[in-house]
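Have a look at the structure below, then the notes.
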Amino acid sequence: MSASLFIEQMLNGIQFGVMLFLISAGLTLVFGIMNLINLAHGALFMLGAFLATAFIKWTNNYLLAAVLAMVITAFVGYVLELLVLRRFYSRSHLDQVLVTFGLILVFNDIVRLIWGVVPVQFRLPQAFAGSINLFGDVQYPTFRLLILAVGLLVALGLYYVVVHTRIGMWIRAGASNRPMASALGVDVGLIFSLVFAAGAALAGLAGLMTGSISSVQVGMGDPVLILALVVTVIGGIGSIRGAFVAALMIGIVDTFGRVLLPPALGSMVIFMLMAVILAWRPKGLFPVHA
Amino acid sequence: MPETQPNAGNATGTLLRGAWPAIVCIALLALVPTLSAMFDNPFLIRLFTRVLIFAIVAVALNFVLGFGGLVSMMHAGLFGVGAYVVAILAVHDFDGAPLWIFPGTSNLAITIPLAIVVTALVALLSGAVSLRTSGAYFIMITLAFNQMLYYFFVALQKYGGEDGQQILASLSFAGFDITKRVTFYYVSLAVLVAVMLLFWRLVNSRFGIILRATAQNERRVVALGVSPLRYKLAAFVISGAITGLAGGLWAAGQQFVSPADLSWIRAADFVVMAVLGGMTRVWGAVLGAVVIVLLEALLPNYTQYWQMPFGLIVILIVVYLQGGLAGLFVRDRPTGAH
Amino acid sequence: MKSKSSAAILAAGVAVFAIATASAQQGPIKIGHMTTTSGPQAVIGIDMVDAFKLALKHSGDTVAGRKVEVIWGDDQAKPDVGRQVADKMLESDRVHMMTGIIFSNVLLASVKPVLDAGAFYISSNAGPSQLAGRQCHPNFFGVAFQNDNNFEGLGQHMREKGFKKVYFLAPNYPAGKDMASGYKRYYKDGLAAEVYTSFGQLDYSAEIAQVRAAKPDAVVIFYPGGMGINFVKQYAQAGMMSQIPLFTGAGTVDQTTLPAIGDAAIGMYTGALWSEFLDNAANKRFVEDFEKEYKRIPSGFASASYDTARAILAALNSIGGKVEDKDAFRKAMANVKFEAVRGNFKFNKNQFPIQDYYLVQIEKDAKGRTVAGFRGTIMKDLADAYGSDCKMPPLK
Amino acid sequence: MATPILEIKALQKRFAGLVATNDLSLDVMAGETHAVIGPNGAGKTTLIAQLQGELSPDGGAIFFNGKNITREPAHRRAHLGIARSFQITSIFPQFTVLANVALAVQAQQGHSFRFFGSAWDDSELLGPAREAMDQIGIAHRADIYAEDLSHGERRQLELAMALAMKPQLLLLDEPMAGMGRQEGQRMTQVLANLKKHYAILLVEHDMDAVFALADRISVLVAGRTIATGSPEEIRNDPAVKAAYLGHGG
């Protein structure tokens, strides 16, 4: 492998990793703060992508469509939390897995009822549709650079909000000791609803960013969900920092694994990595103390 | 079958007390071939054979899930290992080519025990690694092992890869042809009953008590002077071995195996069966298997959008029926981590 | 009371099948149509169902005065589900024949009980090499193609056009290897690279970077469904379309995926066994009526499904609808005469088709839709390579 | 009373910079009840956890019957004869009271790899279990599911389980916590009884109980003992008064 190809593949790995981080950020946020395993995260991801395509067609403005799609996905998440998931915070993880598994099936059929089974087109704005020359003869898709930038911004933003703001303090207080936080005058129920909505918005964002480079179709969230779970678990459930490191690690390992290993092994490499890491550190790379 | 506990006036848990739903269920299942002949619908037997084999897996899974608190997402993988052992040996028998130095065989009296042993070994190795973790991490690491097994069989191009492997050799059990539809049905039913009895005994044995106690309060078990890891691992291996047995039966019944048998969706289906059936009873999982297999077979006849009602049913049962379906029949206590 | 409710669950299951059984006497001709109508691959299955329905509608749902009843089934793209649905159709619905399966692995799992039961399987898509060769069977007809066919014409075309260094990518599963061997059979020279990726892959940036570094003359892909959408979009976004031409055989970039790929695919060359612009009367009627009925352009999958239904109906018509006479039906199928929407069509000795192979190019039509523009016939009378392995028992 | 059953030498434990156990030394003689008192956060539960084996110390040593057990895992220590009752009740909620205690008996016997034969009609288990329940006075609740017990009864069950392990040393972590006055008095009664048969390390906030039961008392402040002596000596120790009793403990 030549040096420039190596650099390009490294960039591909990092970009794929950042995309994985976008996909798993909402999942690990909800998991870490509310102790809720939300398999329906993949469904919200799909919803974000479909809404974005619809709004692009309607408004012809990519940015506006992206914002609208995120807002509506957040709202759907908010309603979902209020109607169903709220009562599952205190239930076992197993019950959470089952109920959100049921939600995946329902969401898939709802999206199919609305948009049909034919994959829909995601039109990119002209400025991002092509590629630019990075160095030598390496052309890099402009949109992937945008994904890279958005992913890094989300990572920094989440870090800032959770660690350095008053809202973040309330969130952490609510997560570690609900009654105590309530006693301090924090409306924990509202905080949790908002965090869930924020998680949904992140899922929607990931969906619309990923949808622009892949196919937007019913069930697109299912394979992505597994990847997101792998990232979350390797990073340490609930750790934003862990998710970021794990996502980059998987992105790079997967990219080079696909290129260098025989295909059967290449598809296993992520799962082998996960088994090895969990055997070595049973609570992930950055365990969060409950 | 009740999972008894010592009890003043009646320290001896009788066999039948509280077991009647299981007995009714088995009796009804035993009637299926008769009903099938009555309605002249041989498909009924096939459908319920599927119910029986999945029920064996669900009961075995529930031993670690309901009683051991271990949510395994790799039972589809273990099921597939058992199935492939039977299939691969049958293929070598048909082709006449030895597998390395071993001749192939279509004798289920050899291949099914072998399926059990190989699956138990896989369960032992993967369990030894997985049991280092707990909770959600355990769910995910077993899922990872399931995917590894899945891709392993996809990579086995010699045995059909993604296309799967047809069994063309005619299978027998030490000379007896048990693959005829009705015979095979009753064989499967007998295995299911035997497996239920086995787990009922296990659950109430000293070994089972430690396992159940560990699921409720592992820290206390350690303080009592017991290191739970060995017990969890043993339970995982036993559960895996029985799942391998079911896989072997599956291959014999279908005469076809493919990596799709190991898909993680199937693994989730098994968990759904165990939970919906009711985890605190050995026989609950049988109800779960009946309902899930029938729903999956019947709903698509009514609508293309059958996954929505299926999903809604799952959600409603989880929300409103915490003891699972078994809870409809006997008053029960919820289980789960505390 | 509680034992009653447990009994009720079982009884409900039993009752439904009892009703479904009904009588199987001299009633309608029953065709079991099982395909994938749920999950991500449903787009193909639904195209096939719609085309099949259209063909029946064109014949008024009857043949030779006898009613034709279709029992629809969903295999969910899972072999074991397919096996179960096939069993149900044979034993509960008592179908005379089955059709509709998309995927080779589902077909291989499901076809044995069909043939063992003495029923017919008329394939409208999957055509695994086993069934064309050593395991060919008098009751099995492949109307669509033998899998390798999809890339054979393309191989010949690219050899003629002088592409020397060809880079081939496909998912790592048997159909992917079938396509590669089909391509190589007529391209003759070896491939510069043959890369297999994992099934259902999302991101192809690493593979595309490898392609760019290898500097081939052309890239050939076989990526059905969502994988094709992912690859073609990412290939175009990387600015590769203008650098290294992208080719594919039949069944990758068509009307099941084009609406989602959009402009990214424009200019791409594709091998095909059918095109919406083929100039024959049957095809014009098919495309027009399909668009009228379903508000979209049919895909190649739909065309094969339509041809399958029409072949079945024509064969049945020629024997007066007497489907119970299996020897007669088999003979009628083997010699069936109907106007196929794909143009020339006849069965080979192994009961797989001999047909023409076309080249199409993705372009925009007058209404601004992306379509597969017809560019000409590459091969005449293409037959598959496995027929010589087939010892088909003679017709009675 | 000459030989110590438990000897703790210069024990150290830190949590992320916070010193929980600081050069702590202490012993419990055979047959003695040694109480450890101290304000919240003094490191009492951390000490118990290190003695039981749930936490491992960063430095120092623990000797049990003269044997260094500092690196022994928890389950092995239980077999040597150290039983712990937890500060926050730790029982098996879905088992009956009898089953909870029988489980402790089974654990003590150490024959748990028996796969067949119902454990529930095994007199080897039920006999000793009933005995332990009698000793604590909870035998009449044998068939109640543990999760249905009152708080006081759960604490009693904890004790019964500890006894069923046939221990030589009981580590009791606040056995009276959360109990009403009457329940507390009953528990003191029970403990006074146990005191005759076992060596006990007692952590407790209820000073009446401590002074009634303890042969010796150690006062723990910020992870180290500031005084050890008879109840009388402790009552009159000015340092203790200042550091602890003065705050109205």
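Each chain carries a letter (A, B, C and D) given by its place in the written order, and its residues are counted from 1.
Note that in this section a contact is a pair of C-beta atoms (placed from the backbone, for glycine too) under 8 Å apart; a residue touches a chain by one contact, two chains touch by 3 or more.
Here the structure is a predicted model, which is why all the values come from computation and not from measurement.
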Exercise for review: Average the C-alpha coordinates of each chain, average all protein C-alpha coordinates together, and give the chain whose average is closest to the overall one.
Suggested key: B
Check your understanding: Rounded to the nearest whole Å, what is the centre-to-centre distance of chain A and chain C, using the mean of the C-alpha atoms as each centre?
Key -> 35
Review point. Could you state the distance in Å from the CA-based centre of chain A to that of chain D?
Key: 47
Practice item. Determine the centre-to-centre distance between chain A and chain B, using the mean Cα coordinates as centres, and give it in whole Å. Key: 33
Practice item. Would you mind listing the residues of chain B that make contact with two or more other chains? Key: 151, 154, 307
Study note, to complete from the structure: The positions of chain A in contact with two or more other chains are 112, 263-264, 267
Check your understanding: Quick one: which chain pairs are touching?
Key -> A-B, A-C, B-C, B-D
**Study point:** Touch list for chain A against partner chain B, complex
**Key:** 31, 37, 84, 87, 91-95, 97-99, 101-106, 108-110, 112-113, 226, 229-230, 233, 237, 263-265, 267-268, 271-272, 274-275, 278-279, 282-284
Practice item. Under the touch definition given earlier, write down the residues of chain B that touch chain D in their complex. Key: 4-8, 11-13, 201-202, 204-210, 212-213, 216-217, 219-227, 231, 234, 333, 335, 338
**Study point:** chain B-touching residues of chain C, taken from the complex the two chains share
**Key:** 2-3, 5-7, 9-10, 12-14, 16-18, 20-21, 37-38, 73-74, 78-81, 83-84, 87-88, 90-92, 104-105, 108-109, 112, 128, 172-174, 198-199
Study note, to complete from the structure: The residues of chain A that touch chain C in their complex are 2, 5, 8-9, 12-13, 15-16, 19, 112, 117-124, 129-131, 137-144, 210, 213-220, 222-224, 227, 255-256, 258-259, 263-264, 266-267
Exercise for review: Using the touch rule from the top, collect the residues of chain B that touch chain A in their complex.
Suggested key: 65, 71, 129-130, 132-137, 139-141, 143-145, 147-148, 151-152, 154-155, 264, 268, 271-272, 275, 305, 307-308, 310-315, 318-319, 336-337
